[in-house]
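Presented below is the structure to which this report refers.
Chain naming follows the written order as A, B and C, and within any one chain the residues start at number 1.
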Amino acid sequence: MNETLQLKPGQVQGQTGIWEMVIGLEIHAQISSKSKLFSGASASFGAEANSNVSLVDAAMPGMLPVINEYCVEQAVKTGLALNAQINNVSVFDRKNYFYADLPQGYQISQFTKPIVGEGEIIIDLDDGNHTTIGIERLHLEQDAGKSLHDQHPSKSFIDLNRTGVALMEIVSKPDIRSPQEAGAYVKKIRSILRYVGACDGNMEEGSLRADCNVSVRRSGEDFGTRCEIKNLNSIRFIIQAIQSEAERQVDILEAGGKIDQETRLFDTSTGETRSMRSKEDAHDYRYFPDPDLLPLELKESWVKEIKDKLPELPDILKKRLIKDFGITSYDASILVEEKDYVDFYQKAADGNDGKLTANWMITELFGALRKENLSFSESPISSQNLGELVSLISNGTISGKIAKDVFAEMMTNKNSPSEIVKEKGLEQVSDDTAILKLINQVISENDDKVKDYLGGKDKLFGFFVGQVMKLSQGKANPGLVNKFLKENLK
Amino acid sequence: MALFFLVRSAFIIGFSIAKVDILSSCNNIGMSFISRKLLIKSRTESHLGPKLPSIFIGQPITIPVMSYSFKIIISSFKSERIFFLFMVRIGEATIKLESLTAIPSVFEPGSIPNSLFLGKIFNKNSSGLKIGIIDANRLPNKVKLNLWYERIKMSNNSIVDIPTVNKIARLSRLDIPEDKKQNLTNDLNNILGFVANLEEVDTSNVEPLASVTGHKLPQRNDEVVDGNIEDLVLKNAPESSGGFFVVPKVIE
Amino acid sequence: MSELLKLDLLGASKALKAKSITSVELTNAYLTAIEKTSKLGAYLEIVSDHALEMAKASDKRLANNTSRALEGLPVGVKDMFCTKGIKTTASSKILENFCPPYESTVTQNLWNDGAVMLGKLSCDEFAMGSSNETAAKGNVINPWLKNINMSPGGSSGGSAAAVAARSALAATGTDTGGSIRQPAAFCGITGLKPTYGRCSRWGIVAFSSSLDQAGPLTRTVSDAALMLNSMASYDKKDSTSVNSLMPDLLSFLDKGVKGKKIGIPEEYTQEGISDDIVKFYQKSINWLKESGAEIIPISLPHTKYALPVYYIIAPAEASSNLARYDGVRYGVRKEAETLDQMYEQTRGNGFGDEVKRRIMIGTYVLSSGYYDAYYLKAQKVRRLIKEDFDNVFTNVDYILTPSTPTTAFQLGTKQDPLTMYLNDIFTVPASLAGLPAISLPVGLDNSGLPIGMQLIANAFDEPGLISTAKSLEQSAEFNFIADGVAK
């Protein structure tokens, strides 16, 4: 169709009109505990096959689960950070199914009474708006092991290291309306998890994965049948997969077909989703309360203690940064993405111009790190040094332009900006007399140009500025140069 | 010639043994396998009253050997199945019949000892269980007859058929040989029928029992105190390689 | 040698400590007894070398007076307990080659107290059964009326038979719905199931987690007290283990029953119980009365639902607990092309019929659409059954019932699963409520088979249970010995 209307994010163009997406996300976050949820084996990543496995993880006869208090605490912390209801009594249920990476033949999870109930978070959209996404629940469950299917033509290899690692499953309400919103949602959840310290959010290593439930509908209609796309481990893939799945569903519906509720996988090479081999009874998990575990009871006082110890969360921090440092909402959003950024910023901006500091951090520092492929924690520039650089600009010691050179120098060595400026003699020249002298020199050497300028070629002003700057090796105070040039070019 | 059939029911069914005299059955455990000569007892419930042919009420009877068909007429009630349980012992031998339908049934002497005949009727309208008796000439002279019947209330949900059994076997990853499926289905039905009496308990305000001990879930500290026992973990594996468990390939 | 076998656990313990006998002598006597009674099929695995090693070590300790509570005493272990380095099969084909690299907490407690292990005892497969006829390696024969092949009961049939035949001085068993008490009754010995949570379940092959409990099978009540003292412990590795200190049960042996109230539940006195058992029930009531107890009629109104509740909950939990037996990490595997086929054939081949039946029932009652009507309902009725007991215990101290509705039956005569389930009718309620219960022999029936009576106490009142049982035992003066005993 030749619609010239711009599609909004989350809309799919069909033959008969526009369809809307309805998306819900189930995020699995590995709790960054030392040991597993129900066993004392290590939960660390990357160990040799089957070395982080206890007899309990291997489901030997007679083995029994014992719960890790730290994991319970992280779930409560996360629940509080999601503004959610903490359920003081929750129950662990067995989810029964057979698979080689599930030694017990069941996963210990929470079905009817999860530890955390309903909540909500606010996410920031690209266009600067916000929207609220509801949280359905958060529950604790065991992760499964890993199967390698591509090592041998007829055999699969099983590594149980990951079996039993603590996961928090965060289920959103189907409030998400576009792939971009989904991306923003995951980013926000990840940020919150890192803030409270419950999960490191490392999607490459698998600490954070998402299953997406996608359905489409025409505006105003009820929700359509949804499909689940499993195990997406990057925000980029999440966005791609949702878009591709929504389009697939629209094609089917437009052709008069029906959507089969099924589980699908995202093929990163083709950019499309495909159906998992369907297992007819795969969905009868026969949940029942795990008789090896009693109901989990939390004391009100304990939950309150945790609440009191919670770090300031992104949304609150954002408001405070705007208020205390006078930065824009946009800049604040970027800074609160990571607690580390905020800590860095607050130190750097201490006693400085908040906006300027923010600018240098977001535009210059982040840009430089991206270019050098460095992570934030690997930044060669410390908060102290960045702060110093900003104050040097603010107090006129160097110009903004020179500051960029200093900055580049700071990226390669760890010297403080003052040292660099001194070493290279980069101090700005702000002495009136000196500048006037330079100006007079330029004016006298460029008679003809002066005449042209005075004759109407206003653009030549820049030429004079440039000449003065060149003469001063860039150190002349640009503001003063401008001022005096204007005064003297008459 | 006298003909005695000794019939013994060997089943416990949800409702208690019927008693001719009283029905204070609420407190009965409901056991019924009594291996003594007994009167036919009938349950007397006020609103549901089966009528037994008089032949079965009273003292054990002596019946001449000949072909007999006994018809037991029961009043019909909705969604109720009646199990007739009896064992016919003829001389030393007893008869085993595993059919779930009993119309008509023929007993033959000299078959395997062990002994349960289970007859079932679905009552929609009618109500008869016809029991054919053997060719009289092959019978010894005396056989004692005693017939129990029990009535069980069963909800329709608890019937499983072979397709259902196949589904459950699949869910449980159990390979059941074809020739065992019918027996298994029968066994499962009997067991499910047996447990169906729970329906009559009023549990509208009762919480399920989560823990017998009543104490709280103990929690442990977050310490690595386990693992690094690959050898022990892999020791009993039927197949392992390079530190991995090996299984037939799974295609995803 | 036969003199040595005459000593019961307490007696042997005294003799060893008095140095009038040695553990090696005693252990050898039992090893010989095992050989002599091998036809009973009680043992699956006999560890003679290991036993003698342990006995020698015990003798050293006895010699230098560093002996512990069970020093030098030879016991048998039901094959549901994982024993390190020694085959543990749960009497099943699927585990026929399984050698655990760990020891169950309960048996470790026994070895820590100096006991000597004779071997692993047969049981019903995965502890599912009441006649020890479902063991993969074949039936166990009750030493009573041994020539007519009676069942020793189950699932701890091997343990009971061995103790009765004196091929073990004592044995461990597990009780889920009566699996210690019923075989104890059938074999004329004492069997004790403690309060749920008393003994750790860590390392015991799980059948029905909310019901399984380990306990001793012994010749006398005193022996049971001695064994349970060692077996019971708080175990952090078992989340359902209860941290409640159990006092020394031996100190309660002579407390008697004066002034104690014994409840007689009307629901347990029904038709269907053999006449002889009814007779001895009445005798037992009288004995207790004569010893100073007050007899109080009580009612446990939900008793008739106990068996149905049990046969929903136990199979449900079992269906999940047995899912781990899949041939991937241990046990016998049947090779196949696909993973699912491997599972189906491994399990179809490795599990016996009764186990498969229960797994199927369990899977069904948990499955979508049936969970509420079956499992959830059963858990609710279970609460009512427990409340019946809670109410009654505000009024009485102990409850007396027969242990079983009949005495031992012949092997092979109860083919029908349901009929078999009825054996547990008196033992199941206490299991559902998690209460401690003991069965002890009080007399013989007309055929010469032993009759057991059951006492049930309130949670954690093993001390009171022991005193009361001891009193009944003294009154009953059951001095009979099975004809199949090792001579």
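By definition in this document, contacts are C-beta pairs under 8 Å (C-beta built on N, C-alpha and C of every residue); 3 or more make two chains touch, one makes a residue touch a chain.
The structure displayed is predicted, hence computed values, not measured ones.
*Asks:* Report back the single chain whose CA centre is most distant from the CA centre of subunit A.
*Replies:* So the farthest one, by centre of C-alpha atoms, is B.
*Asks:* Specify the chain pair with the maximum number of C-beta contact pairs.
*Replies:* More C-beta pairs are in contact between B-C than between any other chains.
*Asks:* Compute per-chain Cα centres, compare each with the mean of all protein Cα atoms, and return the closest chain.
*Replies:* C
*Asks:* Between subunit A and subunit C, tell me the centre distance in angstrom, where each centre is the average of that chain's C-alpha atoms.
*Replies:* 58
*Asks:* Subunit A to subunit B: how many Å between their CA centres?
*Replies:* Spacing between the chain centres: roughly 61 Å.
*Asks:* Go ahead and note the Å separation of the Cα centroids belonging to subunit B and subunit C.
*Replies:* About 27 Å separates the centre of subunit B from that of subunit C.
*Asks:* For subunit A, give me the residues that contact two or more of the other chains.
*Replies:* Where subunit A meets two or more other chains at a single residue, that happens at 55, 58, 66-67, 98-100, 154, 156, 158, 284, 286, 293-294.
*Asks:* Scan subunit C for residues touching two or more other chains and write them down.
*Replies:* As it turns out, subunit C has residues touching two or more other chains at 98, 101-102, 210, 236, 239-240, 319, 323, 326, 328-330, 337, 339-340, 343, 363, 367.
*Asks:* For subunit B, jot down the residues that touch at least 2 other chains.
*Replies:* Those would be 171, 173, 210-211, 213, 215, 217-218, 220, 229, 232-233, 245, 247-250.
*Asks:* What does subunit B use to touch subunit C in their complex?
*Replies:* Within the complex, subunit B touches subunit C at residues 10-12, 14, 16-17, 26-34, 114, 116, 155, 157, 160, 164-165, 168-169, 171-177, 180, 184, 187-188, 190-192, 194-199, 201, 203, 206-213, 215, 217-218, 220, 229, 232-233, 235-239, 245, 247-250.
*Asks:* If we count contacts the way the header does, which residues on subunit A are in touch with subunit B in the complex?
*Replies:* 33-35, 39-42, 48-58, 66-72, 91, 98-100, 147-149, 152-160, 265, 276-277, 281, 284, 286, 289, 293-297
*Asks:* Using the touch definition from the top, list the residues of subunit C that touch subunit B in their complex.
*Replies:* 97-99, 101-102, 196-197, 210, 236, 239-240, 242-243, 266-268, 270-273, 299, 301-305, 307-309, 311-312, 319, 323, 326-333, 335-345, 347-349, 351, 353, 356-357, 359-361, 363-364, 367, 370, 373-374, 376-384, 386, 405, 413, 415-419, 421-422, 425, 433-434, 459
*Asks:* Taking the complex as given, what residues does subunit C use to touch subunit A?
*Replies:* Where subunit C meets subunit A, its residues are 82, 88, 90, 95, 98, 100-102, 104, 201-206, 208-210, 236-240, 316-317, 319-320, 322-324, 326, 328-330, 337, 339-340, 343, 363, 366-368, 371, 375.
*Asks:* Which bits of subunit B are touching subunit A when the two form their complex?
*Replies:* Against subunit A, subunit B makes touches at 167, 170-171, 173, 210-211, 213, 215-230, 232-234, 241-252.
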